[in-house]
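What follows is a set of structures for review.
The same chain A turns up in both complexes below, where it pairs with chain B and then with chain C.
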Partner chain A sequence: MSNHQIKRGVSLYSYQEEFFLQKMSLEDCIAAVAKTGATGIEILGEQSIWGFPKLTDAFVDQWFGWMDKYGVTPVCHDFMLDYTMTKGKYYSDDEALQSIIRDLKFAKRLGFKIMRAIVNITPELMEKAAPYAEEYDIKIGIEVHSPWHINSAWMARHWEVMEKTGSKYLGFVPDMGAFTKRLARVQTDRMIREGADPKIVEFVCEQHEKGIMAEYIIAQVSQMSKRRIDIAVAELTRHNTYYNPIALLQHIPRIFHIHAKFYEMLDDGTEYSIPYEDIIQILIKGGYNGYLSSEYEGNRHIQDVYEVDSVEQVRRQQEMFKRLLGEEVAPNKKSIVVQA
Partner chain B sequence: MGPLDNFILADDALQATPTGFTLQFHSHWYRSLPLSCMSCKAIINGQAIDESEVFIEANGNKYPFSEMPNLYKEWLFITDGARLHVNGVEPLQKGKQYNIEFKLDLFIPYILVGREGNPLLASSTVTKQLTCN
Partner chain C sequence: MIQMFEKYMIVEKDVENIVENGKITGFKFGARLPYYRGIALSLLEDIGVNIDGAEVPKEDIKFNVHGNTYTLEQMESAVDDRWNMGEVAYIIIDKEGGLLKGDHQVRLMLNMRIAYLPFPSIRNSEKTISIA
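Let's look at the complex of A and B:
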């Protein structure tokens, strides 16, 4: 008997490389999710659906046909706010709201129950969106994305709106990239290939792991090197932050969905940067009952030297989740990616 | 700068036409963008092309190049290419190699940066020897 109700899903964002190169179709991506044993599907409309936000009846039929065929469920559509599509012109609040309503209609038609709001959405706009979220019966969660964490001032303002409105349709979608304990090795390795000083990379990684603030690391590296690439390594610490995941605990009832960001699954079934062992313990303890949705983002750091295998990376992360969630685990395959 | 830099120009991107040539490009961003969020510059064998003689085509629709900043309704899906139609130049020879330098600037409309709140600029320049088809 399981002691939790956490479900597993995959964001099709994870397969972006193969999808872009047309090695995998949309159906192939959905089939790959099902093959891992995950049941939840997450998409970004602008990435996965040709013609977004328009949907034809034929496509909608095919979509639900795929859901049945592969035994998966639409869970989350990630929406953006394209504030400025022509130079010098910005969305008014009303235009931004219309964009959200457009996405609610899109998500509703494809059976999604949650939408992830982009992190820079204002609390005021979330408040305006709440009645529409209720009308369409789709929960909207702001993405808690590094460098913010769930207790940041920006998220506290959002929390106040959630409390003020009392809406059960407003909440959070934490991205696990906000728990980057170690900088992604695939990323720093690529920067070394592009000319970064390995000693500076080592220094930055050590400092980050010790929890030194990004601005101090950047200031120190600026004393050590004047090269742009070396400073860029130090600047990684600004957007790859770590905050104790215990902070999630008090917000569990407001957490609708989780972006299980990852960069590199190792042969031993662990992720290099993000402490999923700790995170999942906290989610179980807090009674989280939504999806852990794989979000692979390592492709962009290895594509210059290796053929990207997003399917295998996602499979490994899902196997890790099975292990940490107390499900039966399939035997591990040996790595096909050799570290530089 | 973009997750898909390597794939902006495919090997068969360059084609001869009776009035010049076409060059097909792909976006290097992970999601689709409208043409108004893109700007590009092509240099062929060291010669910049005269933009007044260029048209841009996406989804079967063709516009004067100068119209690009206004094309917020013409979206380029990530698996689709857009095509520059370059006229008024000596037609290229099929089978011959040309050096193409292509700069693609993407203005990411949902990531506003800096004090001015400008869209994030994701710029990529690729240089490739392409055989004209």
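Let's look at the complex of A and C:
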């Protein structure tokens, strides 16, 4: 008997390297998700569907055919807001709302029940979108992506709108990158390859792990080096924050979906940067009942010199989730080394 | 400083001179958008090309994707056509005589207007291309 209702999913964003290089088709990505035992599918429509937002009937049939064939379910579509669509202009609220409605229609046709809003959506626009979200029966959650966290000023304003409207269709999609306890080794190694001073990298990583504030680390490094690349290493601490994940507990009913960001799954079945052991305990305690959706983002840091194996990275994270969620783990799975 | 997919921007195996009415009028090379999604063509704020150290004038640059050809100016209003994720498009350079046989150094700069980022999204790549 399980003590939680957390489900496992995968964002096809995770396979962006292979999809970009056309080593994996959309169907291959869906099949790879199913193979991990995850049941939820998340997409960024503008990534996975060429010709977005257009959908042919034949494609929609094929899409649901794949869902049946692989035993998976559409869960979340991530939408963007290209406020600067035309040079020198900025979307009015109405133009931005039309863009959201376009995505609601797209998501509805493909069976998604949740949409992730990109972080630049304003609270005012969220309020205007709420009636449409209800009409299409699709929840909209603003992505809480590092350097924001769930109680940041911007998110507090969104929270006020959720309170004011009382809409059950507005909420949050936290990205676990906000809990980067250790800077991603794959990223700092890449920066060393680009010329960063390894001593500065070591200093920045130590300071970050101690919990020193990003602005202080940047100020310190600015006195140690005038090189742009070294300052960029210090700035990683500003874009890869660690907040206490216990803050999620206050917002569980409004957390629709979770981006289980990760950069590097190790051979021992743990993630290098993000303490999923702690995070999942908190989510279980809070009664979170949505999906933990794998979001692999290590490819961009290793693609310069290594062969990327997103499928293996996602498989490892899903195995970790099974363990932390108390599911049965496949016995004696041979560990495969994918990267040096 | 965000880096992604720069390595794949220039498709160095996909290069050729363009022949029209028996004359070489220019050349083209394959290019992919170094980004995790496809975007409307109007979001490309600027494309810069440098060949063998010489900057190509903007009016000599054209962009071709799935059969549609645009000048940089025409791209500004192309809100309904998209450069899809990983899709190979072509950068076409008008140049009488095209490129001479042999190796050439190409630099490509793509500047995207990405509204949610507070800084410009400019990506650069440099590669050697060959005309057989």
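The rule is simple: the second predicted complex is superposed on the first by the 330 of 340 C-alpha atoms of A that agree within 3 Å, B and C clash if a C-alpha of one lies under 4 Å from a C-alpha of the other, contacts with A are read in each partner's own complex, and residues count from 1 in each chain.
Note that in this section a residue touches a chain if its C-beta (ideal position, glycine included) is under 8 Å from a C-beta of that chain, and two chains touch if they have at least 3 such contacts.
Source: prediction; values computed, not measured.
After superposition on chain A, the partners chain B and chain C are seen to clash. Residue contacts after overlaying the shared chain place A:I118 against chain B and chain C alike.
In the superposed model, A:A232 lies in contact with chain C only, and not with chain B. Of the two partner chains placed by the overlay, chain B and chain C both lie in contact with A:T84. In the superposed model, A:S222 lies in contact with neither chain B nor chain C. The interface of chain A with chain B overlaps its interface with chain C at residues 13, 16, 19-22, 44, 46-47, 50-52, 80-87, 118, 120, 299-300, 303-304.
The residues of chain C lying in touch with chain A in their complex are 1, 3-5, 7-8, 32, 36-40, 42-43, 45, 76-77, 79, 82, 84-87, 113-116. Contact residues on chain B toward chain A in their complex (touch as defined above): 3-4, 6-7, 26, 30-34, 36-37, 69-70, 72, 75, 77-80, 107, 109-112, 117-119. On the side of chain A, the complex with chain B involves touching residues 13, 16-17, 19-22, 44, 46-47, 50-52, 80-87, 90, 118, 120, 299-300, 303-304. By the touch criterion stated above, chain A contacts chain C in their complex at residues 13, 16, 19-22, 44, 46-48, 50-52, 80-87, 118-120, 190, 232, 235, 299-300, 303-304.
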